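Read the structure below first, then the notes.
Chain naming follows the written order as A, B, C, D and E, and within any one chain the residues start at number 1.
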Amino acid sequence: ADAADKVVMQIDGAAAPFYAPLYAGVENGIFEKNGIEVEFIYAAAADILTNIAAGNVDFGFPNGDAVVAAAANGLPVKVVHTTYQRGIGALLAKADSGITGYKDLKGKKIAVTSLASPNYLQLQVGLKLAGLSLDDVSVEVVQTGAIVQSLQAGQVDAIVFSELRKYNLEADGTKITMVLSNDFLPSFGNVVVTNAAKLSENPDLVKRFTTAVTQSYEWVIDGHVNEALDIALDKYAPTWPKDQKGILTTAFEQTFVPTVWQSPLTKEKGLGAADFAGWQKNADILAEYKVIDEAPKAEDFVVDPSTIGQ
Amino acid sequence: MLLRGIAGLIATLVLWTAIVFIFQVPSFLLPGPMEVLNRLVFLFENAKLLRHIGVTLTEIVAGFVLGTVIGILAGVVFARLPRVERFATPLILLLQTAPKIAIAPLLLLWLGIGPTPKIVLIAIVTFFPVMSGMVTGLRYGEGSFRDLAAVLKLSPWQSFWHIELPSALPAVLAGMAVATTLAMTAAVIGELMGANEGIGYLLSSGQENSDTSVVIGMVLLLSLIGWAFYEIIELIRRRSLGRFQLS
Amino acid sequence: MSQSERMIDIAGVHKTFVADHGTVTALEPVSITIKEGEFISIVGPSGCGKSTLLRLISGLDQASGGSIKLDVSGRKRPVGFVFQEPVLLPWKTIIDNVRFPLDTSGVSRAQGDKTALDLIKMVGLAGFEKALPRQLSGGMRQRAAIARALSDDPPILLMDEPFSAVDLLTRDNLNDELLRIWQSTGKTILLVTHSVEEAAYLADRVMVMTARPGKLKCIHNVELPRPRGEETKLDPAYHALVAQLRRDLRTPAGEAH
Amino acid sequence: MSGRFSAAVDYTLALAVLLFAWWFATGPMGLPTYLLPSPLRTWNALVTIALTGELWRHLGFTLQNIVLGLILGCIAGIAIAYVMTRFPKLAVWLDGPLVILQTAPKIALAPLFIVWFGFGVLSKIVLIFSLVFFPVFVGAVAGFRALDPKMKDLSKLLGLSSIQRFRQIELPAAMPEIFVGLKIGAVQALVGAVLAEWMSGKVGLGYLMTFASATYKTPLLFAAVLLTVVLGLLLHVALTILERRLLSWKGAARG
Amino acid sequence: MSQSERMIDIAGVHKTFVADHGTVTALEPVSITIKEGEFISIVGPSGCGKSTLLRLISGLDQASGGSIKLDVSGRKRPVGFVFQEPVLLPWKTIIDNVRFPLDTSGVSRAQGDKTALDLIKMVGLAGFEKALPRQLSGGMRQRAAIARALSDDPPILLMDEPFSAVDLLTRDNLNDELLRIWQSTGKTILLVTHSVEEAAYLADRVMVMTARPGKLKCIHNVELPRPRGEETKLDPAYHALVAQLRRDLRTPAGEAH
């Protein structure tokens, strides 16, 4: 065989067991089989998209909202694998706070990571649907590194962040109430992104890459959650305490496998399938709430993996 | 030095334990020393902690040395040619004040991924205090030494080596001491820009998991590295002062 | 005087300092031609511009007007300077300080050490080679600075009150050593001093200056025979000159002398 | 007068060169807007927020934090440096913790500062303070240590009180080194202010940057960066003028 | 001598410096009692421990042994010191430097200015009140330092070669001013000088020291009548003393004199 193509994939945030399928794919030789040698590095979502656009890295794994915003601002980026079929943003509050939904937020203090973040948007839509507005609550901005702690410390009553944090918080013995944002605002979690030029110049590479991603996730879905988590915890997410494996297994089996990575659409068209309607709705809402000036056309920045190279 | 070190370490640990104990601080806000130590041992066993330390240390040493050398040379040039200094000042301030996180993609674009942008970033922050120290040491140094150099018609190199560097040494060393603290921060920023190894990488991984013990542990490691740098500089200072009485 | 004999040519040189507290005329126009191998003493009241004149000759300061020409073609380091304050490098030992001009002009360490040791001995600092400047007394520092200025054997030697902080005996010795060196090397020497005896004893010519504004008052030719020594000090001509210099200095500027 | 004038000319010239390089990178070299917006676009973004009045709120907030943090950091830096040089025994105990606290990378701690000190101005001032303190401290220590022993003799001889000695001898003598620390501290104050707002908050230049960065409003991002740099330049110039004034007795650079 | 008359009581005081290059005995045991209002001159070769002795008396350095007692009960600032080098505060103007001891002892600004201006005039620096030290010549700086030492009128005045950098005329004037001040204020003065004429002209007693190891060789009582002036310099006794001092200094240590 030819020497494998070396690519760099930049992943949102930091090394975490949530990306276990990718790590397992590398360790099990799935990427290699597709003629790809991949290196993972990490950064914030916005940086990933800029790096993709600039050609600094080959693939990115940011969250979907960041891609929409990037596309709306004219960055030449393409989603080539809608890996997470839904968003994982959620309203989280301590169960004993009495908050059960957006309607209970009146007069409360809520933290989001940035006024430009999707979770701020989710908060606005959630409040609106509950008949409230931003004027009814007080919003604090707290960076990723401290937002969970601010909820734990009781400095805020609720946070809008990732549903995955529910498992962290509950591991500490705090009961958590959660409202998934996706229920009222379709969006997408991590998706594979590449540069538009790269896609048109080297569709074969992109095809092989998305195939490898699909195969990696399939392997995990096919009953290898345990093995995948072991690989991730041993080699890739070194700071994670081993005793969190139980929570992670629950998260994978109850959330990721059944509802995040798979959807009715993927049953039909395979993992990573592009839900163009969903993407379009996501973009339209972002535009409606003025996060972006104008909604881009989903077809312009989302590609269904099955159509790559055809 | 040993005494100072131990005294300082004990004082820090005692203070830290006391704060955690007295205020009953929950560990997600500030874990106690033992908890952090446990996490470090865990990382040592599970995460090849030493390799990560090695990666970061290499970046820091390379960046620090590079920044110091350039800082000293630029200091000499600036002190001799104030116009050049004024001309370079806006660019230098641009490099110093522009938030590194904001220009990270540009740095990657120009320098590629890998250690280079991290080393360059560390060199950039190291450069400024060292250069400032050198300029001040030279500009406000003993005027009569300048006369001596002029009468002896010393070459620029000779007057740098025999007169300017020794007389500016206290100020340069002070600049280097400041630079150590900045270098630690730059190392973290560099690794937040895109990395898959190093202390900053472990740190962001800990932040991702809201794992305050890991965050504090990594901060502590960087502090200790910074402290080691600082003590080396102190050692040089005391050696040179004891020998030369540079006051 | 033939062209080649003119070592230092000073024509209408003057210097004015501008400072917050006002403008100070440190030196009114001075003109003098100094021959190669001449020994000139300069005397004058404190603040009359003696140091300023030496600094101008050495090129350390720029004159406000006039011209100074040194005939030292080809010499990289034409002037040795004993500053009014010792200006020793505090981080170097005495021997390293004395050897410094040699070290920085490519003389070998061994050769440099030899020269430096000889000079250190000559100025009476044997045993203090490895001492640091701050461990010496004021007079000892001054002598170290003299040794340094002599170490690389410059053709022109400018000395600003080199012996002011040393005792009589040492001073007499150093005066004689200086004469010996001068005679054997043919240096051109300008020496500022407050001792009229010293000025008369050493020099071919004595420049007398007056204060504020600093000005050359007169120049005395010293006709005492060479080599000079103890007998010079018994020479009535010497005493006459000393008395004359003293009178010159006591007469305020402007009055006839 | 002519010195100050030529300084202004030099700064302007340097800025012009930078501007040209910037323009060149975005124009002829063709860097896309999302990496580096052209000077014109950046200027437009700046004008837009200036006209809506939003800019002044952000600028004012950041400036206020910088000034406060800078002043507090300076006072503490000089005071503690002085105490430590006066009482070396104390230094044995304080040196280690101080250095450890200082070398701890603030960027990693900044999120925790928010949890520790709250969302308000306090956590921001603390962050800025912690960044300003050390450079000033180290500079001041170097300055106090470098005191000429002859000056020590003089103050001992005159039996000066501690305050007299500090005010009349030690502080003025240490000024050159303190200014080194101050100049670095000023830059650090700026970095700290932006960092603090980057980490949390809804106002300030740092906030503007996070907002712009997350929404790919790169021209706005660079407008904010540019403002920070200009602020840095102004602080630097102000300190340089102050330094000249206070250190004129040094008669810097005769040649 | 009654107890109250003993101003400075020095008993077996000695001083040894330990340095890298070896141990230097700067001062072998010295004992002397100085009365209130006495004027003592100290002469001796360079490096013999004169500065060291003054520093010990002032309390700036600690003796290696022996005891020094000053009878200055109640005075906060008993000694004024003219250091061998001027030690002016470089950031203060001359008048501020001279007024500095007054400023720091609570004297009003107006009163301080008056005293300082008088002294500045006395040392011949009128017109340079607002100059900075670096704008003065060496001798002018030295005179400023003298003015400062006198400004707050200390009962004991230690002067380390105060006039070494000033010209003869100025020196004579300053000598006479010093005598006038001494006589009108009753200060106790110790003055180090390399000029035996100055030593004899000013002092009640002259201490002669020898070098390495620094040692008190002998003390001469000066029996010249007071007040002294031009006629003193014509007195044969004065010349005899000067000649004797010169002989003392020329005889190496250890030899009989």
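We adopt the following convention: contacts are C-beta pairs under 8 Å (C-beta built on N, C-alpha and C of every residue); 3 or more make two chains touch, one makes a residue touch a chain.
Nothing here was measured: the structure is a model prediction, and the numbers come from that model.
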The chains touching both subunit A and subunit E are D
So, in whole Å, the Cα centroid of subunit B is separated from that of subunit C by 49
Here the gap between subunit B and subunit D, centre to centre from mean Cα coordinates and rounded to Å, is 17
Flagged in subunit D as touching 2+ other chains are 35, 111-112, 115, 149, 198, 213, 250-251
By the touch definition above, subunit C meets two or more other chains at residues 85, 132, 134
Residues of subunit B that touch at least two other chains are 29, 105, 109, 143, 150, 192, 207, 212, 215, 246-247
Listing every touching pair of chains gives A-B, A-D, B-C, B-D, C-E, D-E
Listed in rising order, the residues of subunit D that touch subunit B in the complex are 6-7, 10-11, 13-15, 18, 35-36, 91-109, 111-112, 115-116, 134-135, 138-139, 141-142, 145-149, 176-177, 179-181, 183-184, 187-188, 190-191, 194-195, 198, 206, 209, 213, 221, 225, 228-229, 231-233, 236, 247, 250-255
Within the complex, subunit E is touched by subunit D residues 150-151, 153-154, 156-161, 164, 168-169, 172-173, 249-251
Given the complex, residues on subunit C that touch subunit E span 17, 19-22, 24, 43-47, 50-52, 84-85, 93, 124, 127-132, 135-140, 143, 160-161, 164-171, 194, 196, 246, 249-250
The answer for subunit B against subunit D in the complex is residues 3-5, 7-9, 11-12, 15, 29-30, 79, 82-83, 86-91, 93-94, 96-99, 101-103, 105-106, 109, 128-129, 132-133, 136, 139-140, 143, 146, 150, 170-171, 173-175, 177-178, 180-182, 184-185, 187-189, 192, 200, 203, 207, 212, 215, 218-220, 222-227, 229-230, 246-247
Residue set of subunit E touching subunit D in the complex reads 58-60, 76-77, 79, 81, 83, 85, 87, 89-92, 100-101, 103-105, 132, 134
